[in-house]
Each structure stands twice: as C-alpha cells, then as structure tokens.
Amino acid sequence: MKPLIVLNLKTYLEGTGEGAVRIAEACRAVGEESGIEIAVAPQLCDVYRVASQVDVPVYSQHLDGVGAGSFTGHVFARCVKDAGAVGTLINHSERRVNLADIESSVTAAKGEGLRTIVCTNNIATTAAAAALGPDFVAVEPPELIGSGIPVSKADPEVVRGSVTAVERIDADVKVLCGAGISKGEDLKAAMELGSVGVLLASGIVKAKDPKAALEDLVSLI
Amino acid sequence: MKPLIVLNLKTYLEGTGEGAVRIAEACRAVGEESGIEIAVAPQLCDVYRVASQVDVPVYSQHLDGVGAGSFTGHVFARCVKDAGAVGTLINHSERRVNLADIESSVTAAKGEGLRTIVCTNNIATTAAAAALGPDFVAVEPPELIGSGIPVSKADPEVVRGSVTAVERIDADVKVLCGAGISKGEDLKAAMELGSVGVLLASGIVKAKDPKAALEDLVSLI
Amino acid sequence: MKPLIVLNLKTYLEGTGEGAVRIAEACRAVGEESGIEIAVAPQLCDVYRVASQVDVPVYSQHLDGVGAGSFTGHVFARCVKDAGAVGTLINHSERRVNLADIESSVTAAKGEGLRTIVCTNNIATTAAAAALGPDFVAVEPPELIGSGIPVSKADPEVVRGSVTAVERIDADVKVLCGAGISKGEDLKAAMELGSVGVLLASGIVKAKDPKAALEDLVSLI
Amino acid sequence: MKPLIVLNLKTYLEGTGEGAVRIAEACRAVGEESGIEIAVAPQLCDVYRVASQVDVPVYSQHLDGVGAGSFTGHVFARCVKDAGAVGTLINHSERRVNLADIESSVTAAKGEGLRTIVCTNNIATTAAAAALGPDFVAVEPPELIGSGIPVSKADPEVVRGSVTAVERIDADVKVLCGAGISKGEDLKAAMELGSVGVLLASGIVKAKDPKAALEDLVSLI
C-alpha cells in the first residue's frame, strides 16, 4: 500500500504566502513523480491561495466544530471546504482542543466530506481519538516534534501500540505517525511499524531544498 | 470626520466563500458611492480570496501574537498581511484571548503594518485595551451582540464612558462601538456619542439585500 | 447492585462554605440510612473543610494532570488527596479540558489512588473517554443539565448507547449518567438503562430540604 | 513604607498539605518578628487548611469572575472568602485568563472584600491591568520566573517602567514585582525601583530552611 504523507507548514516563514505555494508545488511534483499522495497543510489564510494555484491535496491545520453563525475567528468546515481543502488536522499538539470539540470537529468535517486527521500524544489518547471515528489518528510524542529524532527510531512502541489499540477500537481508522520524521528510512520504518503514513514539518519545510528532501523521503517506498 | 465601518462576516453562511466575495463587493460599491470606508472581516480561509478579488479593505477576524515557527493552527501576522489584509480584529467576544496574548497580537500586527481593533466588553476593559496602544478599541456589550437592539440606544453610557476613558489613557487610540448596530440612525447615534465608527455583523450580512442595508447604514452621515 | 450517587455542589451559594458542610452532612446521613454511597463534590476551596468535618466520600470538581512544580492555580492530585478527597470529576461540561489533559488527569489521579469520573456529552465522547481507563464515565447531554428534565426520560438512548459503547471498549469502566436527575424514579430509570449511578446537582442542592430530596432520590432502590 | 511579601506555593511538594501549613507558619513567625506583612498563596485545596490553622494572610492562587451557579470546577469569590483568604492572585503567568475574565475576577474579588493582585508580563500589560483598578499589579517577566536571576537585577527597567505607567493610569494601584526574587538584596532593590513589595516562590519554598530564607529576605528592610 502507498503511504499518505502530510506536510504541515506550521507558521514557518518558508511556508507562508508565496512560500506555501512554492512548497505545495514541490509536493505536487514529487507526488506525481512517485505516485505517492503528498498533501500539504498550509496556514488558514493560505488554504485558498494554495488550493486555487496548485493541484495538490490541501489540509487545513485546524477546524472548529462550529456551524454557521456567530463564531468570529473560528474555522468553519464549510469555509475550509469552499476554500479548496480536502481534509483537516484536528487537535494538533500546538492547537489542542477539548474532547467534545474534537468530536464536533470530526463530525463537522465529515459533514462537508473533508478527511480528518486527529493528532494525539500517546497510545491512550490515540485509542480515545479512534473511538470518535476519524479517517486517521496521527500519533506524535510532543517531546520529539521538531527534534530531528524520528519517532520510528526513538519510540517505535508508541507507533506499534497505537496501531494495535486503534485496530481494536475501529478497524476503519488508520494510523499516521509523526515527530522527527524527515528521511526515507524514517518513512520506511513508520510503515513497517504499521502506520499508513506520516505527518511531518520542519525536516522538509526548512530543508535547503524541500523538493530534494521530499524525493529522499519517498525514495525507499 | 468620516466614520470607519467594519463588517464582520463571522461564520455566517451568507458570508462564506463566494458569499464573502459578494458581500465584500457590496461593501466596496457602497464605500465608493458614499466616500465612507467600509471594511470587511471575512473568515480566515476567505481572507486571500476576498482580498485578491475585491478592492476593499480586508480585516482578519483574529490574529495570534506568534512569530514564525512551530505554531500549527495559529494565525501569523505575516501570513495575514501576505493574504492581503490591512488589519485585524483581536479579542472578539466570540474569540477571547488572554491579556498577554492581546498585547503580543497588537505588537505582531503592528510589526506587519496591520491596523488593530481590540474588542472589549465594558468601560474598564476598554480602558485596559487602550493601554496596549492599538489603533482602535471596539466596545461591544456581549448581551447586545446579535440582539438587533443597538448599543447606542440600549447603553449609550458604555460608549460615552469608553470614549472618555480611552482619551485619558491614550488620545491616539480611537473608539468603535458595536452590538445591535444596523441602521443609519444607529451609526449616527454612535458617532454622536464620540465613537469614530462601528463594528457590525448580522444586521447587514443576514439582510435580504446587504447592499441596500449598507446604503441605509451610511445614509445619515 | 447499589448505585453510586455523586452530588455536585457547583458554585451554588447553598453549597458554599458552611453550606457545603451542611449538604455533605445530609449526604452522610441519607447514605448511612440507605446503605447507598452518596458522595459530594464541593468547590476546590471547600474540599478540606468538608472532608475534615464530615464522614462522607468527597470528590474534587476538577483536577489537573500536573505534577509538583510551577503550576500556579492548578489542581494537583497530591493536594486533592491530602485534603481528604477520594476521587475527582474530570472534564465536566462547565470545565472542559483537552484530550491530552484528560488522559494526564486520569493518570495523575490514579497515581494518588483517587477515583476518576470523566464527564462527557454524547455516546462518541463517552467511548473515547472509556479508552482512557477511568473508573467511571458520566454522560451528561449539556442541553439537559439544570433543565429539570431527566436524561433517563428525555434521552434514554444516550445512556443505553453509552453503556454498550463502554462495554465494548473496556468492561472495567462503569457508566454514570447525569443531567436533570433529581427524583427516585429518575435514579431507578438510570439504573435500568445500565448505568451504575448518577451525577446530580441543582435538583438536590437547591431543594427546599436537600436531605428530604436525597431520601426521595434513593427511595425506589 | 513596609513592603508586602507574597509567597506563592505553586504546586510544590514542599508546599502541599501539611507542607503548606509548615511554610505558612514560617511566614507568620518571620512576619511577626520583622513587622513586615508576609502572605502565603497555597493551592486552592489548601486555602481553608492554612487559613484555619495559621494566623497569616492567605491569598488564593486563582479566582474566577463567576457568581453563584452552574460553574463546576470554578473558583468562586465567596468560597475563597469563606475559606479564610484575604486576597487572590489573578492571571498568574501559569494561569492566564482573558481580559474580560481578569476584569470580572477583580470585580468579584472586590465584592467580597478580597485584595487583588493581577499578574502581568511586561510594562504594556501592567498598564492595561492597572486600568482595571486592582489593589496591586505584579509584573513578572515570564522568562525570569524560577530562574534564580532577580528581575530587579536582570531587568530593572521593567519594574521602573511599570511603576511609572501605573502611576499615570491610577495612582491608587500599587506595583509588586516578581521573578527570580529570593534574597534580601533583591527585595531592597525591588523597593528602590518603586515597587511596594514582591511576589516570590521557589527561592523560599525550595530553600533548605524556608524560615531562614525568609529572615534573609527581610534582613535589609
């Protein structure tokens, strides 16, 4: 099976505005060359810009479980969809939300046909998130995020344990893993541990040549 | 002096995606006819879309005081600016932030040349917000938001008292008022109470004809 | 099986300070008469006062998943335990926390031998909470809290569905239900739906005679 | 003028339960010897325990601006008062709240005759907090908290500037300073910079002999 790769641009300067478009273009190109789905998650204000200019799957970095109405500053599923996104991250460790809101966000996103990736920090919360029925749970030990030390090497058990726990709760939910991932061997290891893909960020976005870094990432698949 | 009008689209369906563009176009047209600045605050994912398609001042509904870096799901001033906004709301009653974050958001927005409107709920918090040196403080008693009862009629003292309090703290900061504003007489009353403009939402966005509603709004100036 | 009854005093004036002690004393008396466990959840500043003066099981209304250290204003499990509590509510709808914090709070409470009741709002979040392995999940549809309309009558399916979902995830976790519960028939209905007890508040705390109200509550068991 | 010293016990193990009582007793003894007011801010669940056992001014570490009612897990001013506190910290950097809530907390605390110390992080937020009319604003640069480097030495300008800014806004509000304070010379320097006292924590609580550390603290006044 081909993996899913989701590149989170966070608020990196290299991935803001025109930079987001450039990196999205690298994702598109390497995705096309390799036949592997490489999605990009730009900042909220860049979702429309990227989605309207680059033929690449776009994810929102956040989505609120609110409907239409008096919700100033909130991220409304319909708006994310209209802007051209195909999915969304929910509950990233840098944008945690409460349990009831994760559930309403998953429901709101599904209502618009958006794919959902709920981020979690350990096996227990991964199991909990799986019970909400998202498309993916992305487990990322916070202490490894941005560390350059791949979770697949530093803590393979959190990935393996997450896969087992999720299977028991809902076999339709798939596991991604993240934190410290940037190289081809990291992605390969992540797949061997039972995850179906990776969520990654700085290792690619801040690479001297993001396109080359992406090419390395998919080189062992 | 000509007022500033800021139309907050919240997550209203009528103001999402193509709807945001349509209402922004009405703001532009009535602004041009009347010579009055009518800005629009669309959802985050619509900022670029509106700003790149309509020649109207665009405000973000929210902005975080974060820099470039690991801030997934946050609203980075540089990205808001690159998307074409000229300013931002901060601390709207539907998106409250803590005091330290209001300050860092004002600083971050100013660093990008964005105009700042800090929203508050009473005279005391208006005075506090003024001490942070934003361009505007917009006082809105939460119980009147969306009520259809204009603050200028229901609670003129909160507007007058805010103007007095702000003058004492920093004469360069101007006061907007909001909550329940939709008609020409509301705007006129707001100006007479010493505010320099209004922040409004449902009264226009959900009007049968938003352009006609805006024309009525500016008719007595 | 005998039910567990947990009486949440919220910030009701009748349940503050000396009032908390008086209501706790009613819980103790009716618990003793009936042989049913009636616990009380006073405000944080009343935990020690109630626990040191009344021989009744005391729960904290909230607990943070923090350890010893620089956590001003947080609720540390060791302190709750030292103050005499035997358990804690976590994630009440009036004090929601994020998923990672629910998990760390459950872990912290267990580490001190405190019983854990994670509050949830629907079947999906109940299943998710069960995956974290607390002693109890208390499902309470927020729209019924304080309504006087018992969840067991208004929405029996949310209780039955929660019981089924929790059994599938972890049979050691038990289900409480809450919202609108105050009478003997409500408790009886709640038990018949498969829950092992109830979480309740205003119906007892604000009753003219809380002791008589508690006697009515347990009268059909 | 004699300074005000407020010792924040945070969730330090040494300042939990019986430990809180022991340290409060040291505050009482040194306060009595020196004639200087030394208050203690224990954890919420320790407020009643300390206040009922030691004759020392007790502050809460946090207080919510809520009234009586459905506010599970919130810190109600009446309960804090009934538990024996004389004042409260509000908006500590480890327990930030939004601007509207700082204002309502100050108002709620005052309504119960509790003294209010609003914590802030720089000159601008100190000025803003002063506009809310608390008894004290305690400025603490977050990066120095727990550092062992006293703010009075590392950043005297933030203290001096805060004093000037507050005087301009409301001369009835007094300035405390904090972060890295533990020695007699730190307190002396803080007073010379125009503050009326200090907020401190680890330097005393984690000292081998907290009583001796407090005696050193007041030795140069």
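Letters A, B, C and D mark the chains in the order given here, with residues in each chain numbered from 1 onward.
Everything below uses one rule, namely that a residue touches a chain if its C-beta (ideal position, glycine included) is under 8 Å from a C-beta of that chain, and two chains touch if they have at least 3 such contacts.
Keep in mind that what you see is a predicted model, and the values were worked out from it rather than measured.
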Co-neighbours of chain C and chain A - touch as defined: none
Chain of greatest Cα-centre distance to chain A: D
Separation of chain A from chain D, taking each centre as the mean of its C-alpha atoms, in whole Å: 42
Approximate Å spacing (C-alpha centroids) for the pair chain A, chain B: 33
For chain C, residues contacting two or more additional chains: 93
Touch relationships between chains, expressed as pairs: A-B, A-C, B-D, C-D
Residue ranges of chain B in contact with chain D within the complex: 91, 93, 96-103, 120-122, 124-125, 127-133, 165, 169
Contact footprint of chain C on chain D as seen in their complex: 8, 10-13, 16-18, 41, 43-49, 52, 60-62, 66-76, 78-80, 82-83, 85, 89, 92-95, 145-146, 201-202
